[in-house]
Each structure stands twice: as C-alpha cells, then as structure tokens.
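By letter and in written order, the chains are A, B, C and D; residue numbering begins at 1 in each of them.
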Amino acid sequence: MMIDALPLSVTLPLIGAFAVTVSPGHARGPGLLAALLTAASALSVTAAVWSDGVLRADLGGWGVPLGIALEADGLSAAFLAMANVVALAISVYAGGYFKQESARHFWPLWLLLWSALNGLFLATDLFNLYVTLELLGLSAAALGALTGTREAVAANLRYLLVGLLGSMSYLLGVALVYAAYGVLDIGLVAEAIEPGPIAWTAMALMIGGLILKAALFPMHFWLPPAHANAPAPVSAALSALVVKAAFYLALRLWLDVFAPVLNEAAANLLGTLGAAAVVWGSWRALRAERLKLLAAYSTVAQMGYLFIAFPLLVATPPGLARDNLLAAVVLLALTHGLAKAGLFLAAGMVQKTAGHDRIDDLGGAAQALPAATFAIGLAGVALIGLPPSGTFLAKWMMLEQAMILGLWWWLVVMMIGTLLAAAYIFRVLSRAFNREPTPYRFVNDARTELPALLLGLIATFGLGIAAQPLWVLLEQGAFG
Amino acid sequence: MTGQVLYSQLFYGGSGIILVLLGLWSFLVHAPLLRKLIAINLMGAGVFHMLVAIAYRGIDTSPDPVPHALVLTGIVVAVSATALALAFGKRLDQDDD
Amino acid sequence: MIRPLEHIIIPLGLIAVGGLLGWSFFLAVTGEAGERLAAVALARVPDSGVSNPVTSVLLNFRAYDTLLELAVLLAALLGIWSLGAAAPGFQPAASVLDGMVNGFVPLLILSAGYMLWVGAYAPGGAFQAGALLGSAGVMLALAGHRNAGLPSEGRLRLLVALGVFVFAMTGLLLMVVGDGFLTYPPSLAKWLILLIETAATLSIGATLAAAYLGGRPAARPTTGETA
Amino acid sequence: MNALLTLFDLLLTLTLLGLAVVTVTSRELRRAVILFIAFGLLLALVWARLRAPDLALAEAAIGAGLSGALMLAAARRASGRKTSTGEDSDAKDAP
C-alpha cells in the first residue's frame, strides 16, 4: 500500500465534487470533509518538501516526455500551503454563509476550483497547465455569478470571456513550443529552449495570456466588478487565489522555462505595467464607495507589486541577493493571499449584517461586529505593509534591492502605493469606529468570523514574525 | 522528413495562424456574445489546426498521436466553455425581459 | 463606412502579430524538431492496452489530462445549472418527425456503443461516442421531449459526475495497491480503459444533452418521459 | 499525384479560409452560426485528409454539431427577442 500525496491533492477534491454533486441536499457535510482531507493532503506535500526536498510523481508510470508528471518544489509547496489554508478557511466560512439553494451550487463548483488550483501548483506539463487553467476559469466564473444579480452575471461573463482569450493565447504558445521543441514537460522544454524568435513569441503569448488572467494593468478592467459582485467567500477565493495562481504560473514560466531567453525589455515592460497597476489600483480603491469594490481594486494594486519584481529579478545577478528577492516576492504574494481573503470574508460579514457595504455608512460596524472589524484591521496592516506583517518584510527587501541596483523609480512607486494603501484602509477603519464603543460580544458568529480573523492573524503575525521557514522551504529547488 | 511533408505542415499550420488572426479580429471588434463565442471557437480551431498540421507526417506514415490527443481535449474544453458562456447570455436575456 | 479602429488599427496590429507568429512557426517547423513525440508514443502503443494511438495517449499516457478534462465538462454543466432552470421545452413535433426521431435515436445510441468499442483499435472512443449520445439527446429535445430523454434529477446528477468519479477512483485504487496513480497493470490495461471509457461516454453524453437544455432540469418531471 | 494532392490542399484550404471570412463578416447572426457549422464540417474533412480521423469525427460531432446546435438555439432566441421587443434592438445590431 502506498499513498502519493501529489495526485491525492488533486483527486480528493474531485471525489468530493462527485459526492456533493450526487447529494446536493446534504452538500455541506461531505463538502467540509473533502475540504479538510484536501487541505491535509496538500499540507502534507508542503511538509514533505520541507523535510525531504523536491517531490515528483510520474502519473501512469510512463515518465516524461510521454507521460505527465506532478512536481512540488519549494515554490509550488509555498503557494500550495497558502492556497489550501485560505481555501479551508473559506470552506468553513461558506458552511455558515450559503443557504440551502446556493449551497447546492457552491460546493461542487468550489471543490472543482480547488482541484484546479492544486493541479496548477503541482503541474509540470505545459498542456496539462492549460487544462487546469480552463477548469479554474470556468468554475471561478460560475462561482462568481452565484449571487445571481445582473451585475454579477454580466461581470463574470466578461471575466469568462477574457479568461478564454487568455487561455487561447497561452495554448497558442504551447503549440508553438511543441512545434519547435517536441516536448511539453517544463524541465525538458527548459533544456531545449534557446534565445530566438520562437522562444520570444512563445513567451509573449504564454505570459501575455497569463497577465490577462492575473488582471495586470491595463488588463485589469474585468476584475473589480467580477470580484466585488461575487458572494463574499467566492470573492475571497477569486482575489486571494485565482489571480494569484495566474501570477504563480507566470513566475514559474519566467524562472524555469524562459530563464535562458529573458531580456530586460520584457521585464521592464511587466514592471512598468505593475507600477501603473499599483498607482491606479490604489487610487481607485481610495475612491471606491463600497468595501468589496475597495478590496477588489486593492487586488489590482497588489498584483502590480508582484510584477514589479520581474525587472528587479532580471537585474539582480544570481546569488544570495537574488534568492532573498525571490523569497520576498513569494512572501508578498502569500501574505496578500491570506490578508485579502481575510478582508473579503470580513467584508462579507459586514455586508450580511448591515445589509450593505457602503463605506460611508459603516458607522458603528466596530460595535456590532468587533471580530470582523478587527479582522479588517489585521488584514489592513498586512495590505499596507506595516510591521510586523510579512508584507513589511517583503517590501523592505524589495526596496533595499531596488536601492542597491539604483532603480529608484520602482522605489518611488512602491512608496506611493503604500501611502495610498494606508489611506484607503484607514478610511474604512475610521468609518467603522465612529461611534462610542459599547461592544456587546467580540465574536457573534464563530463559523464566519473566526476564519476571517485567523487569516488576518496569519498574514500579520504568522508570516511576518515567522517568515524564516519560507526561506528554508524555497531552498528546495526554487533558489537558483 | 521529406520536403512534401514539411510543405504540408507549413501550409496547413500557416492557414491555422490565419484562422487564429481572423478569430482574434472578430473577438476584438464584435460586441454581441454569440459573435465573440464564434470568434473564440475560430481561434481555437486555428490553434487545433496548427497542432494537426505538425502531427502530419505524410500520407502513408502514421501521424504523431500526441497533438491529436491534445486537440481532442481542446475540442471538449471549447464546447464546455461555449455552453457555459451561452447559459450566462441566456440568464442576462431573461433578466432583461 | 470605414471605422478606423475596426478596419485599420486592429488589422494592422494583427498583421504584425501574424507576421511574428508565422515567422516563429516557420522556424519551429523547419528547425531541428524532427520526430517530436511521435516515435516515442507510437513505440509504446503496444504496451498501452489499446491499439488506436490516439486512445493510447488519451486514456493511458496522458490519462491525467483527460481526467481533468472531464472535470471541466462537469464544471461547465454545474455552472449552467447554477444560472437557472431550463426553458420550457419545444413544441411537440409533428408525428412524422416524432416517428423519425424515435427511429433515429436508438440508431445513434447503438452507434455510440459501437464507437466506444472500436475506439480501442480504430478511430473512435469515449468522446466521439459521448458526442453521439449527446446528439441523440439534442434530437429528442428538438422533437419536444422536455428533458431530452434524460432521467430525473437525482439519477442525472449521478450520470454526469460518474466519469470523473470512476476515473479518479480507478487512479486512486491503482495507487493504493502500489502500481501508482493511473498506472494500469499491463494485463488489466485494456479492461480498465474500457471501464473508464464507458463511464466517460455516459457522462459526456448526459452532460452534453443536459447542457443543450440550458438550465437545471425541472424539479419533478410532470410527464413520464424518463428514459 | 503530388501535383493533384497539392491542388486538393489548395482548394480545401482556400474554401476553409473563405468560409471563416464570411462567418466573421456575416451581418446576420443566424447566418454566421450556420456558416460556422459549415466551417466546422469542412475542418473535419481537412483533418481527415491530414490523417486525423479521430479528430475529424470529434470535430464534426462536437465542434460543429453540438456547439452549432447550442449556438443556433441562442441565435433563435436572440431573433425571437428582437421581433418581440420591436425596432429598438434591431437598430442596435444594425451595422
């Protein structure tokens, strides 16, 4: 008897999806069980990578290039752990959030999305990645429309179409790679690739498709309405995980496939778009009238920070400095995932209790929902990048590296983004606290408030004070 | 690989690229959902056509089965996406009435 | 009328993109790629349990792709169901058409079974067979059958998710007994592939027919049209 | 024989591309869908020529057949809506 946690992390949610599809009336129990088992399996992958190094599974026993392999190195293990912690929190929250009718639609789609996420983080085959991207895109759009309002349906239809266009561009790149190099496994493609028009075109097509899906400015237009109008747990998943998965894949291709053909111009282009996203997204977040719209625009800005890393990574020679920079970017992505999920879950609580999420009318939310407000505060600390959050450490290291490289303009952009983030977070908090404090109870509905609170706590304290383990994890095959 | 096969791969692959471009143009300039879906499906057909072209190895040689399997997967994914998008469109139409 | 964006700027951009694409594709095809995976794949076909190379790749070498593909199909249908109920059926067709459909549908189902079986050694397989089943459903829907010949919701749910379940469970069981995920023992490969393909065919057929209805099935079928 | 095959290739591809062009430029939605189905069927024929009979079957049944049936139903709904809501929506769609 032998159990391989790599395929298990992808297959368990599929089996769970079957169970909840077949018995829609009792979806919550099996759904939560599948969520628990999936998260346990995925976290065991991370733990195994941590202790034993890179894990690999040849599915079907054929081995590459004929078969498909799954692989977990430090980078995928880190994203996998974050995604599964967040997804588990979202599942617990959703167990209390969705009522009968929407629960029967939520659970199977949610487990399929989860399967796609785990599959994407573990995949090593370029075409298999296309299938996971489509599974992710279709289930995400369907979940986003679950509120059933016209805005939600229209916004998520647009999201679906943009996602399809992105996947098509990615697939065209894959076809070109297969035509030129005759293999699909990432490792084998990386060995075969050499600088030239083929590699550049394939890179432009694949990473171009992914930045559509990652909502990098100016391709962000679809994100705010889609994320702001989805049900709160879905918004959390979309903002914290789904766009992050597209970024992860772009980073993975950049580091592992296209490393030999990288040039500064492409990196600077991505960095410039990222800088524009930081400024524009933060500004729109500051001007947003609704809490969930604010959170969605903040995602646009935070994705921008991640792309600023590309020019820094290209400019830094391999060595300790580059490893630290890479770890900082991953830390930023993970912290943002946790914090943004916490923020959306808490916002969902506010919306459900108050009946709206207009920021100007939030007065007294702190009194009615102390735990949710506290979670917003914690998530805010991590989004702004105040100590002791992981964002603080990550931004600090990126700023330091930018200074060393003399690339001061990235530094200016990151400072502006931080100031604007502080402004939009404090705008929310000042509204929430504008009444005399007479809190009744700190926690009102444990099932929905605790997940938000826990995510906020991990983002601010867990990944900030205890960031060192991330470096150990990334030692496993992610540092070059 | 003989010159004839190479020529066929280039010829059919090239027409696949033209299909992708036609689909992309139509996707960018047409607003109605159904037109966008036809456009996306045309783009997909173009990419699949490229893959079928590079799988071709001559009229009397077995073709490369790997791209064929990829295309079959792609066709099913495309019809899934089309059906879902049309259901979105139908829902929007119902809301309008 | 010439609209500059639609008729000049976008086409010019696309021509540039097309030039780059064409150039890269030319270099890729005329480069050193040669055989690509053709020789490797064709050499292993005899070990795969089926002799149709495409089925070998789909159900054995790259079976994991196909598993996720069935999940995509399921996700699309669940998404369609979450968006609303199916529109009321078409007007019942004239009796001539009805008779034609009644004759044609069993034929489609039979050919689906045939297609599934020959997929092991000739063109065909689960997807083509599933598509035939799906078109039988579409035909029934066009002839006015409310549920496209599909069973009641409970059984339909089982049917559409069956492919993913059988596929995933087969993979997991093989892993548990020590062969590895989706690694078929050579002696059983043929039968395991047939088992998975049968479940997949039913799921694909039911999913495509249900997708054509465009919404979740009526809660209680008012007429006894369950197949 | 090669010359004949080349001529056949040329003819098939030109018809295929021609169908694609008229599909995307067609003014009427329903017509575009029908042209798209014809395009899919011809594509299946081309794939049969390229020794991909599995794909030819799948494309004819799924790519052209089922996608086409789905789109036709949507086009019929759209034209039904157009006639029921009067001239306004007609004007919106007109070129």
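The rule we apply is simple: a residue touches a chain if its C-beta (ideal position, glycine included) is under 8 Å from a C-beta of that chain, and two chains touch if they have at least 3 such contacts.
What you see is a predicted model; the values in this text were computed from it and never measured.
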item	value
Between the pairs A-C and B-C, the one where more C-beta pairs touch	A-C
Whole-Å gap separating chain A and chain C, where each centre is the average of the chain's CA atoms	30
Between chain A and chain D, centroid-to-centroid distance (C-alpha), Å	38
Distance from chain C to chain B - Cα centre to Cα centre, in angstrom	16
Cα-centroid distance, chain A relative to chain B, in whole angstrom	29
Two or more partner chains touched - positions in chain D	54-55, 58, 62, 66, 70, 73
Contacts with 2+ other chains: residues of chain C	21, 25, 29, 34-37, 41, 54, 61-62, 65, 69, 72, 75-76, 79, 83, 127, 208, 211-212, 214
Per-residue overlap in chain A, given as positions that touch at least 2 other chains	127, 131, 134, 138, 141-142, 145, 153, 172, 178-179
All touching chain pairs, where touch follows the definition stated at the start	A-B, A-C, B-C, B-D, C-D
Residue ranges of chain B touching chain C (in the complex, touch as defined)	1, 6, 9-10, 13-14, 17-18, 20-21, 24-25, 28-29, 50, 54-55, 57, 62-66, 68-70, 72-73, 75-77, 79-81, 83-84, 86-88, 90-91, 94
Contact footprint of chain B on chain C as seen in their complex	5-6, 10-11, 14-15, 17-18, 21-22, 25-26, 29-30, 34-38, 41-42, 45, 53-54, 56-58, 61-62, 65-66, 69, 72-73, 75-77, 79-80, 83-84, 87, 127, 204, 208, 211-212, 214-215
Touch list for chain A against partner chain C, complex	1-4, 7-8, 10-11, 14-15, 17-18, 21-22, 24, 57-62, 65-68, 105, 108-109, 112-113, 115-116, 119, 125, 127-128, 131-132, 134-135, 138-139, 141-142, 145-146, 153, 172, 176, 178-183, 196-198, 200-202
Partner chain C, residues of chain D touching it in the complex	53-58, 61-62, 65-66, 69-70, 73
Complex contact set, residues of chain A against chain B	127, 130-131, 134, 137-138, 141-142, 145, 150, 153-154, 156-157, 160-161, 164-165, 168, 171-172, 175, 178-179, 184
